[in-house]
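Paired with subunit B in one complex and with subunit C in the other, subunit A is shared by the two complexes that follow.
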Partner chain A sequence: MTRTGSTCDLPRCSTCRLPSVRHADSHGLTAEALATLAPDLGGFRLVFANGHLVAELSTMPDPGSGVTVASLASVLATDPDRLEPLFAGRTAPADGMAALNLALADDGAFIHLATGAHADAPIHVVFCTTDVGHPVLASTHSLVVADPDSSATVVETHIGVGPLAGAACANAVTRVVLAPQATVHHYTVQDLPDTAFHLGVVDVIADHDSTFTAHTLSLGAAIARHEVRVHLDGDGADATVTGLYQPAGNQYHDHPVLVEHNTTNCTSRQIYNGVLDDHGHGVFNGRIMVAPAGMGTDATQSNRNLVLSDRAEVDTRPRLEILADDVKCAHGATVGQLDETAVHYLRTRGIPEPAARGMLTYAFATEMVDRIGPPALRAWAAQLVADRLGAVLGDDGPPPDANPDAGTGTGTGTGTGTGSVHTEEVTP
Partner chain B sequence: MLHIENLHASTAGTEILRGVNLDIAPGEVHAIMGPNGSGKSTLAHVLSGRPDYEVTAGSVTYNGVDLLALAPEERAAAGVFLAFQYPVEIPGVGNLYFLRTAVNSIRATKGLDPIAVTTFIKMADKAMDAVEMDKSMKNRSVNEGFSGGEKKRNEILQMTMLEPTLAILDETDSGLDIDALRIVANGVNALRSPERSMLVITHYQRLLDYIVPDKIHVLAAGRIVRSGGKELALELEASGYADIEAELASKGATA
Partner chain C sequence: MTPPSNEVTELAEREYQHGFVTDIETEVIPKGLDEDVVRLISSKKNEPEWLLEWRLAAYRHWVTMSEPTWQKAHYPSIDFQDIAYWAAPKPKPKLNSLDEVDPELREMFDKLGISLAEQERLSNVAVDAIVDSVSVATTFKAKLAEAGVIFCSFSEAVAEHPDLVRANLGSVVPVRDNYYAALNSAVFSDGSFCYIPAGVRCPMELSTYFRINSAQTGQFERTLIVAEEGSYVSYLEGCTAPMRDENQLHAAVVELVAHTDAQIKYATVQNWYPGDAEGRGGIYNFVTKRGKCAGDRSKISWTQVETGSAITWKYPSVVLQGDDSVGEFYSVALTAGRQQADTGTKMIHIGKNTSSTIVSKGISAAHGQNTYRGQVKVLRSAQGARNFTQCDSLLIGSDCGAHTVPYIEVKNASAQVEHEASTSKIGEDQMFYCRQRGISEEDATSMIVNGFCREVFNELPMEFAVEAQRLLSVSLEGSVG
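The block that comes next holds the complex of A and B.
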């Protein structure tokens, strides 16, 4: 059954006439096409085309196992009680796009880790935008629920089959709920066609002694806004929120980041690096919010930017709001250009200037690629980043020492210029 | 091989080289000595094509080609190599990957295929043994966190792998202890051949005990003020640069 170009059919939105598609088919997405767009990470996989599950391209665990990987729509249809506590009693989202997402989304990923369950391989959620001949707004709402002592790696990939005839916008919300001692590593790889629009929110509630990491690679889309909000609500919870953005052409990559320290002894690291070229525009708008109860907070925030073009633009706002007095917080930002002495050094060894610049630019970006844990994902991401930067990857692999304790940040705040970059510090 | 004529060069608006003349024949090793600030390193930078140095007059001909018209990478492809006084640290770029990219870039300009990785690693291992470099340096970032001696050995490793026809060594002895000096000098001597010329820039006579030059020139105030055989180094060691500087000062006073 196919109904193209229908408006959404929720009562509240019956008059909004937002473009959407409500297909039960694969939207032209084949296994072959998918294989060229996203790697097989070896674990369970959910594939969504324009916001709707493509069951034949998805692999899910057997029902009843400790790890549930399913589409939200199927859980809503078969076991709504399971979702009730996750939606009931929630206040309405403060921002319009999240509210719209809640109103319009009728599918997304549902990942549940039972107490003590460990997903061995990364769980891959692929959101693919395909050309349906008219503008499309794909709204997905995903849930990752980690019960006590469970762990998983969840990879969210936003890709598209270009070129897209009409405007395509993905509005993806992912909520992560961590119970005590749970661990979730969440990755977002956004490599949409440069004509698409991406709005993403990862909203996290972390209970005591849980560990959460969010790592975002913003590569594609015309305008992308990828927000990460972490509410550290339990004693001793830990969050690492990192990312790389590299807008070029006329791309705009916006990264609002909020980490709330709502209780005692929580730790958090924010590390975002940007490479900006052409007319590209990048934004890091990071906030650490320490509530009056946030005693013993240890939080840092760093944002480093490499600007390759005099027409590129970066806005960096590392912000601290501290309402408690026993805290350790640091933040800093740098904006710089390639180190010309390093460019010259490479050229004197026979490496042509464009390749030398590509090599140094990739070296700056590679720190964020090396933070990726799963090897298949890291290799794919390295290729995507290098392709976007016009750099050539060596098959010797990255230098092993280029992986500074992946997953945890460095302790000092004011960003020092590692990488072959001359930097100017930005006083927040 | 190398013919430098009346070379004038400046950086940041200050003239450093004020008419350098120098001829190096194939297979010859020439040393340039001189006091601090005499323009020794500037000469090395100008020959390597560093963009922040401006040639205001004169010419440099290398194997019949106008060297100054070539981009730094073209000079490298033509066989010119500069061992830096201060090798640049490049975080995030693996040493061996860098070296292989360099070798293959130069090969590409000659229409040669890239060297296979396994062949390259064998060649690099051998060259590293020659300069007594730890194999762990292969996959570390270029020069990052290397000691002074390790950086200089890395320069000689690059020189060995790139097989230049004109090697310029800019104060390669600075910051080296006696053992490292011996290792570096052995590496350089191993590369001496009838086709390969070298220009060794140094402040001290010490290096020239190990790398024995055919000719020595003294650079002072941007000009070569004295040239001679290897015995000139000993003379300078005894008298220092004070005599030369005094001589220049008196000339300056009478000028």
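The block that comes next holds the complex of A and C.
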């Protein structure tokens, strides 16, 4: 992929709208309120309220260490040359919201991992929407730059202090640039109030032998569109893009996913599960693109949906576009309900039907929660998923996993058909 | 063998029936399309007023539509005013023996294993050599009539069974359905009509009939098949033999109506001219095919083997309206050379406990681009709907492409929808195994490809399955190694 051009929107925009003290207040977000909304993951933390850094709630490493965790605005103010190469030479964004983000964003997270640096604990970036008495569009532009052989886990959480007086829209773009052999695990937990709007993009460029994972939990918001785009530009790069969406009520959760295999021997997998209730509408729009140079590609894509209500709607579009021949690509998608034989089995063991259904639903959802690495994050995610499924689980539903390392382990029997992903080569 | 003279006469008559008369040919209509052309076509065919109105409604809507461009194929834009919309079929030059046939074509026939008699018929060798087939055809026609099956050209049906045509025409593909369907509705020349009365099992595979009476394919063909309650019919269009045609754009419409407990099997083998090595001059096959399972427990099954045409763009679909109705789609699409195919199906689940199966096999070789695009839609009313989709792609060579674009939309919680697909090249271990047994690379490829497509070939009438296998081998020639 060539990325030419010389648009440099962010610095230009920022010269007309430099972050000021006015922006740097806490928007009413207190440490106590934050503690109830997001867990302490034990590492560095950046907290943004309506798109602006709340310094007193953030913890940042000492300058000069291998790991930089700072606000983009502060880097722009003190060391703009550091950002120049990350913005210069980029083509203009293809979609309107990304362009608007580039034009309007004046802050975001800046995470830089120097060569060989390893961040031990997850770096937590909290985007919080608070009530400011009027509609608000929070545009943030974050960067994660991983130099060769570095590694880190980055957790982005989108939360809100409800109720929100006006329409609140978060338009968050995160760009991840991986140098050779770098590793970044990126998590997005979106648990905004059900009146908010969320537009998120995670755009990743991966150089050779780098490893990237993106894990998305879409739980909140009225309308949420969380997009993940991974460009595998170096030989042997690997990407895992997974997610869980749980639209209920009148929620709409949209998940465009693109993985581009632009060169040889890259591997990728996409795994998304959806649980749809009430009038919820879930969309998975996944794409694998294999360029003519993408020889030796091994890519898979799986999307499974559990529909709990007659009014819910699910659209799934797992797409493959392949322009090379030495590839192995497979995808599978299923839409279905709980396995009635599994429900029956549990009932024969004396478990009431609502509880049996709740257990199986919870097990289906937590398959994706179990993929979360950091234990504190996994425990919190399990709690959020259980809370959201509350109506389904009923009073007798299983408690969220107290011991996250044990896992729920009920992968089978939650099934929605047998849409397994076939990865074998063609057998005549 | 000595040809009985009465059969020769019959044959001559048959050709007249199909409109091979010189007086039509002398009429020339200039290129271009407007209302007058539509009226002229209708008047030339002595059509009733209602059909003319129907055509005009289609035309008037067509002019308000814009040409669709969302398909994954590239071609220069079509000048719809540069097409002559009325062309009387021209008789092909008669040949005296097979020796006069283009040797390349003969070689192809041999590879496909087409019998000598049939080769002669396909290449239009003088009639007396093929009387055997003709007598068979006559027997068939008598047999069909006895069962009450109506099977005739579309024009004939309009003249003789106007009520049947009027009740069903456009009931599955409305004139406003899409750009090419509207165009077809305005200017369609002729086609086939088939009606199976209630409780009748069509006494023969209409495929067999077709092999004897190769249907003249027109540029804007229209096919309508109606299966009444409890009836069954198996229909095959096309032919494995290479078809050359002067018209580059083909926009046909096929409508199937299956009433309660009726079953329609529709198979297509398409081997139109794919263009030269640079992709010039091939046929654009932009067809709208749709079946409606109108009654409960009805079943419609599409099987297609698409190896020809420069561009294939079609989605044989089933509207599953009756409760417990069944839709099936089996497809093999091969793109070699510079061919492009964007094909698949739509299964629209409306009735309760409807089920559909989709099996699609795409093969891309050389510079071919092959896209499976399919929609499975479960409406709120479709309690207990079930779909299984499998689409596999095979890539041969590094310059081709294979794309899978499924759309799954579910609005009913009791629906079960499964989709799975894989894309890969021919396994090196399989190739090695064949090669070390002394099988040439080309033969090995052909074997593996045929194995890959077996699930679909099993759905074809037996003799066609054999030919379709050979056809794939022939189409792949020169793409390997």
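What we mean here is this: the second predicted complex is superposed on the first by the 365 of 428 C-alpha atoms of A that agree within 3 Å, B and C clash if a C-alpha of one lies under 4 Å from a C-alpha of the other, contacts with A are read in each partner's own complex, and residues count from 1 in each chain.
Rule of thumb we're sticking to: contacts are C-beta pairs under 8 Å (C-beta built on N, C-alpha and C of every residue); 3 or more make two chains touch, one makes a residue touch a chain.
Please read all numbers here as calculations on a predicted model, not as lab measurements.
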Touch check for A:Ala33: first (subunit B), second (subunit C), both, or neither?
-> neither
Have a look at where A:Ala312 lands relative to subunit B and subunit C in the superposition and call it first, second, both or neither.
-> second
Partner chain in contact with A:Cys329 - subunit B first, subunit C second, else both or neither = second
Check whether A:Glu340 is in contact with subunit B, with subunit C, with both or with neither, and answer first, second, both or neither.
-> first
State whether A:Ala376 touches subunit B only (first), subunit C only (second), both chains, or neither.
-> neither
In this superposed model, does subunit C or subunit B come into contact with more residues of subunit A?
-> C
Please indicate which partner A:Glu321 is in contact with in the superposed arrangement: first for subunit B, second for subunit C, both, or neither.
-> second
Does the superposition put A:Ala55 against subunit B (first), subunit C (second), both, or neither?
-> neither
So, A:Phe364: does it touch subunit B (first), subunit C (second), both, or neither?
-> first
On subunit A, the residue positions that both subunit B and subunit C contact, one per complex = 418-420
Touching residues on subunit A, where the partner in the complex is subunit B = 339-342, 344-353, 355-356, 359-360, 362-364, 366-367, 392, 394-402, 418-420
Within the complex, subunit A is touched by subunit C residues 378, 380, 392-427, 430, 447-448, 450-452, 454
Where on subunit B does subunit A make contact in their complex?
-> 48-52, 71-73, 75-77, 81-82, 84, 87-103, 105-106, 109, 117, 139-141, 144, 158, 162
Can you list the subunit A residues touching subunit C in their complex?
-> 292, 295, 305, 307-310, 312-337, 416-428
